[in-house]
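Below, chain A partners chain B and then partners chain C, in two separate complexes.
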Partner chain A sequence: MALAGKIILMIWMVMVLWGALRFAPPANILGETARVIYFHVPVAWVSVLAFCVSLYHSVQVLRNRNPMNDIGAEVSARRGLWVCVLATVTGAIFAKAAWGMYWNWDPRETSIVVLLLIYMAYFGLRSSMTDPDRRMRVSAVYAILAFCVMPFLVFVAPRIYFSLHPDTVINFEGESKLLDAQMKMVLKAATLGFTGIYIWIYNLAVRTERLAREREGYDV
Partner chain B sequence: MSEWQTVFGVSLVVLLGIFAYLFYLNAKLNRLEKK
Partner chain C sequence: MTTLMSFLLKTLAVLEKDAKSEFRAKYALNSILLFCFTCVLVVSFSLRGTVQDTRIVAALLWVILFFSAMTGLSRTFIKEEDQGTMNTLRLVCEPTPLFVGKALMNFALMLVVIIIVTPPFVMMMNVDMAHPMYFAPAAALAALGMSGICTLMSGIVAGARGRGTLYPVLVFPVLLPVFWVAVDATDRALSGPVPWQYSNLLVFLGAFAAASYIGGALLFEFIYSE
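So, the complex of A and B:
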């Protein structure tokens, strides 16, 4: 990422911070605590994006056996997993403030734990194989299967069962339960900013991993 | 803990954590490039 892009992103994130803490109004019922969503929702989105990128590279691995795609898949899945942990922690903090408990095995919380375990197993699988070519192919197949489960765990399961998770029911707009216009604006800006940060981290991590593998003697 | 302390703590930890990680990655990349 060019220096100008980094500076713009930094300024953008400062604006997001100001928007989240000052510009956006407090939410109905949940009050000031609802401001946590300006960090929680974007990081949850970035984790889904990272898993999508990992899927893309995994499919490419099976098509062309290019180690660069293996690097892309691993790097993206690892960052997706960490960002998913961050989304879980920020969600638990929000849950404590809103419902009085950090964790209560709500359908959303349970499904996210299952998702975390699935992607942790991906790294367990990778580390269990020493042959680079076999590791690349087997983990690509696993990443594709893991991604098939992800939409069900993130988007479907929490909506089938009764859940305390607020979804879009934060502020009221007339009869429909939607986010306030200012809240939507800050949320979209935050999502865009966090996406930019993900792209920045992804690029750096791919270059670092490529160099590290070259130093270890692997063909990249 | 007050509502504001919670929100401020979460925002700082998330943003500072991410930027600290960015600087760490950058330093690691520079170290590998110099080798």
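So, the complex of A and C:
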């Protein structure tokens, strides 16, 4: 069953690659460079998803103090951080093509940098604590507080300040004005494919982390 | 009603305890003020009146205030841990009044620092505060938001290794929205034609302050219990 899932995911991603590079038509003004959005939008979505999963586990840690939730929170935040780096890099490439600069402190660019800083600080905090119970609680508190700040950056700040980004980040209805049917299809398929890869990696990482903690003598 | 009264009394008791101990030792206030004045002098000396751009002046003011908060406010709970009084506090006070009392004390400290440091900074940078009545609520609301976050973070790092360096690393990303909007509001107060049309910046700072106190009060319980 698991093997079939992996094979389907692999075929799906090959199709996504073909769709992004060949099937989807070039964009009106940006031409071929616009193809980076088939990677940028899905990885940005996956990073948000990973941080939401980490938040869910952090809340659960405070509710029941289960070490498995701590593993879930840490593993998802770590994968989210790497995907967030990918979203930043692909975003910078697209920004160079679209606006002529890799970086210009657009409100959404600012928010992704803050997200990177928050989760780097989160791992700094985790590594500074030796007592596993305190580490679990304190890092969950920090993750929840940091997540509470995100709406100010993601939703409020772009409405106070001018943003170069389109208003619809993960809103396919709104994007219908910007993308044609083939482009939307590829974008949806890529988002689904990258979500599948995240779920696969997340499951693997949780199992590996659990084994590592058991070997170190922690009660998991 | 009784619960509310008890909450208020305990919050005031924590505030009074901290105010008395601060009044005796003046540790936090002295360290923050000395740090601020040194920074103001260093900035003013290195620029020597060459900077007239109000945006840069506003940014420098908030960089100084941010790092001064890092030096003074980080010790809120570390002080209790070092003196061995944390367990006594746990016995006599619930987490929420303790958090609010400590945060209000930090708010008062930040307010004093802003009131003392801003006039000489503005004078030494050779700019005019065109709209002080717009700057005052903006700075007060920013200080309120900063005090809530800094107090909670102090509780977070109290049991960590290398807390001196970890504290600003943890605080900065969370305080960035306040920093961003406070710099902008200060810029408007220094130069802007009609700053009251930018009252949405004040609403933003007020909402952030409310979120920092509510979030902090709810979350503090989990780091306070052993």
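Things worth noting here:
Rule of thumb we're sticking to: the second predicted complex is superposed on the first by the 200 of 220 C-alpha atoms of A that agree within 3 Å, B and C clash if a C-alpha of one lies under 4 Å from a C-alpha of the other, contacts with A are read in each partner's own complex, and residues count from 1 in each chain.
Following the convention adopted for this analysis, contacts are C-beta pairs under 8 Å (C-beta built on N, C-alpha and C of every residue); 3 or more make two chains touch, one makes a residue touch a chain.
Worth saying up front: this structure is predicted, and the values here are computed from it rather than measured.
Of the two partner chains placed around the shared chain by superposition, chain C is the only one that A:117 touches, whereas chain B remains out of contact. In the superposition on chain A, A:62 makes contact with chain C only, while chain B stays out of contact range.
By the touch criterion defined above, A:73 lies against neither chain B nor chain C after alignment on the C-alpha atoms of chain A.
Within the superposed three-chain model, A:140 lies in touch with chain C and out of touch with chain B [touch as defined at top]. Applying the stated contact rule after C-alpha superposition, one finds that A:43 touches chain B and leaves chain C untouched. In the overlay built on the shared chain, the residue A:84 is in contact with neither chain B nor chain C. Shared-chain residue A:186: touches no atom of chain B or chain C. In the superposition on chain A, A:95 makes contact with neither chain B nor chain C.
Contact residues of chain A toward chain C in the complex are 62, 110, 114, 117-118, 120-121, 124-125, 128-131, 134, 137-138, 140-142, 144-146, 148-149, 152-153, 156-157, 160. Across the complex, chain B meets chain A through its residues 3-4, 6-11, 14-15, 17-18, 21-22, 25-26, 28-29, 32-33, 35.
Per the touch definition, chain C reaches chain A in the complex via residues 149, 152, 156-157, 159-163, 166, 169-170, 172-174, 176-177, 180-181, 200-201, 204, 207-208, 211, 215-216, 219, 222-223. Per the touch definition, chain A reaches chain B in the complex via residues 13, 17, 20-21, 31-33, 35-36, 38-40, 43, 86, 90, 93, 97, 197, 200-201, 204-205, 207-208, 211-212, 215.
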